[in-house]
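Data first, discussion second: the structure below is written as structure tokens.
Letters are used for the chains, namely A, B, C and D, taken in the order the chains are written, and counting of residues starts over at 1 for each.
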């Protein structure tokens, strides 16, 4: 088992002929993902790395995709996501950064009503080694295993997954939530999936300052999760009121600080690492 | 059993202090319906026929209603229906006529996404004798029994139900769809409910010219309904292109005529009456 | 409510949908048009004006005045032409069709388009018509226009114009509570421009309270229907001789059907609606007096409308309105006994079943 | 992006939200205000301007000029006051609070209102703040305003004004992609009028492509941050002495955290993002040169960004930019061996684990 993506995930790439679309199509194919179609208006009939390109998603539906990789410029993401929702795609991954948050809010709330899942925007996607990957995580850092990873970050996720893998662990599924203020998935959504995933025996959470998603996750873990959880939270050193790249990382009104997150998680029985490199060793402790 | 409304239906009346709201609250109470609350902004704290009035539906939710009777002027129906949807009401009955159809379209599509049911607008509501009634059907025409009735009309429904009752039949549930071009329920929706309702042993359909809902019902009956169905269709004498009161009754492009409906229904094995008074006798035939 | 072409084109202009340059005239002396060739189009709310001579072409001011005086004031299918719309004549390359309207079964707006425009849409084979059902809670999004462009096989040069027009049409459809927004033909001129050759817009009459800028067009109603409308009645004129008053649209229609099946000819459809008011009944008779039927059938199933109220109304009407044709009444439902008693005291026998009443009125009228 | 009060009030006017009469001035000589009593308000994008003397009152033209010259040009929390907003002084009866902003957890806009306005909203007890979460796919509807009116216990005379203002605020919030629309205080004047005393609007910077009418305010950024922003870098100035270049916001933050926990003081946050471009690396060093740190830590986990590209960038930068402080590099991931080799050939030792690099740079800098 794994969560969100597996052998049955059939991916269509909206914006497949763009730089990111094309590059990541190849990487996903190399990883073993089933990329079954691509969409670029006006490029219908061509191919990208052997994947057929269609003019519209409606046309591409004949390849029976159930997940989409959206890599179109920010102003067009809302349109592309609506196209996916209209066509009944179950999993909508949005790579694009700088999507207006009200667009994301519309996409996410609409998708929820239709029972669809949105991943991102502005995140690295989801990887279930080596069943399927939708997104941009580097192929070479994974090993199949029993650790589920949830992260709001990109590169930091790779760093930590890499360290897990080097330390002899393997991953069930790695989920990148995305760094925007509004994302399709949050920690609780993914925790509730890992909870019931038989392959996942321990969970790693990578959080950051801003918002209260980690605090809510702590609450949820306390009540529902019996699997060991290790966390790492960035942003301890961030000065108040300063943005640190992610729009999510604004600290206001004393809420959402690294301290409050770490405290909440520790109270929920989560081991919190001071440094990324400590994650594997803490995991070894809880696995004893 | 019965469909849509029964002993567990707890009704709130939005616009309870208006003429229609107040009058029909009394009639519903007399019928045995559980009218648990009313809403009129500014009238909170008063009572109508012993029913508590609240300023907002949110306040009224403490009485735990699960169905609403909306009787507010047409320009305010959309707002009232959204209030109902926001508050999680399961069954939304709209009495009001002349609601702009795009408002209805928004309400109906939104409700569907949320798994809620809309009845009307511009229809007499639903009656399950004598479990519950939401709407304006006259109390005295019913007898509990095994005939399910679906109708696009108001008064004509009472006429036919009255004749059924006088002829010794009784009704399981009587559903008035409403006379507008867009309504929350159509024939197929209700047929699919009657199909699985153990109390209902025969079905009476009252249709009219305009639209193709009866043709679709015929299709559905042919494939799915094993219970006997009797129908009556009005508008045979209507001249082409003329409106006859209901906005629904526009005949265009040779579709939606009384003839095409009658033909489709007869092909589906439905007995079609020439006159309303023939309905009970046709029903006796099929019940033989 | 149907809009005249010139009104629809004004809306198109407001939304930036390309239309030919044009101007509406109600008076020949006001014509100041000087762009030729020009088209003179009768502004009437019926189809087939072209065949009836309601569309004329002119190459000069002199010819324009000739043609304008021909068209203005002519009668098309019984409707007098009260204004003409003069516009520049397009150099037509191709003609497409596009519309947005309600699909009642789907409860959604449906966009329909075909490259076989300029003709009646009913004549175009179904597979040539591309359709898209918009989810009204999601609304229009640009991919819809892209998808239709590819489905229709439009060349690039037309695709962008088409998508732009479609997005604007949907905005108009939604913001003006339209029942129909239709462009037929959607002209592609010889130099590749996409322009709305004609414009048809129907606004939902129930929405007019929020569209104060749209004037009500009475032209679809007959004189009597207009009077009835203004007095708050739902009346439709028919060409028979039996006046009908009933309550509820369905029951009224059923009454007309029953009359027809029995060899009677209804003069009208008149629904009292969900009222319980003596004056409403009297007012109905006042309308029927104008309609001059040979007899009147009143068919009431009492619910919200009580039978005694109707009976009192009939008695009042006989006194005040002065009805001198036979009246046959059927009363059933709430307070039917009281109602029948009231009528009896005033010399009118009321039936309790509809069919006897129908048979009686047909017999009485056909005897005359 | 924060708007100045005068910009926010312009938007309010556009949407019909009542604001006091007022005008913005950048130049004392342009002041033509003659309505008294008046208020002079410093236009700065930080809170607490009142306490800092940035709000002054005047009863005459003479006093107005005095107060205006005090305020214009003063410095509040390090920010120079470049314009003043002069407006009529309201006769304040009561002060409420209302705002619309994003609730990240709910992924929905939340409307918050309280009758305890005029103070910092954080100081108001939670039970006094009424909240409503709007479903963005359903949007605002009037019952929301009614419900808040009753929840707040507003009298009838205020209810209508409040509902009107709230509906307009939501429209502004939605149409201008706001992160926050806030009125504090929402003044009820002594004669019962509801007026926005202050106006705070934050627009989502990512949405500016569709709001061409909103000018970009650079004032929230420091000089160096502004340079970086214009060159397409995500840089935040901090008050330490160790320059940091890393890739990915999360990894960059983790680097700052690790430095701090080790007793180091970061000079900046600088995220290379998902680029793989030598020039991008060189440009980062150019920015750090302006920042004048005592040492630079480069921390790269190679994915999209290849380690060899970064190594080449560092080498280039040393040559072209002229960096004369110690550089400590950590390379891991894609092409780390090649990258380390390139650096070695240029006399730079690269670590493969982050912690060793962090320890090294702290040691080197603290030794100085």
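Going forward, contacts are C-beta pairs under 8 Å (C-beta built on N, C-alpha and C of every residue); 3 or more make two chains touch, one makes a residue touch a chain.
Everything numeric here is computed off the predicted structure, so don't read it as measured data.
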* **Path length in the contact graph (subunit B to subunit D, fewest steps)** => 1
* Which chain has its C-alpha centre farthest away from the C-alpha centre of subunit B? -> D
* For subunit B and subunit C, let me know how many angstrom lie between their CA-based centres, rounded off. => 26
* Asked: So how far apart, in whole Å, are subunit A and subunit B when each is placed at the average of its C-alpha atoms?
  -> 46
* Structure fact -> Between subunit A and subunit C, the Cα-mean centres are separated in Å by 54
* Mark out which residues of subunit C touch at least two other chains, giving numbers and ranges. => 135, 137-138
* Multi-chain contacts in subunit B: which residues touch at least two other chains? -> 110, 113
* Structure fact -> In their shared complex, subunit B is touched by residues of subunit C numbered 102, 104-105, 107-109, 122, 135-137, 174, 177, 179, 204-207, 209-210, 234, 236, 238, 246-254, 256-261, 266, 269, 271, 274, 301-304, 332-334, 353-355
* Structure fact -> Residue set of subunit A touching subunit B in the complex reads 113-114
* Structure fact -> Note: in the complex, subunit B contacts subunit C through residues 74-75, 98-102, 105-106, 108-110, 113, 136-138, 140-141, 151-159, 162, 179, 181-182, 186, 206, 208-209, 211-213, 216, 232, 234-239, 242-249, 253, 258, 274-277
* Structure fact -> subunit A contacts subunit C in the complex at 41-42, 44, 55-59, 76, 78-80, 82-83, 85-86, 110
* Structure fact -> The residues of subunit D that touch subunit B in their complex are 135, 138, 141-143, 146-147, 150-151, 156
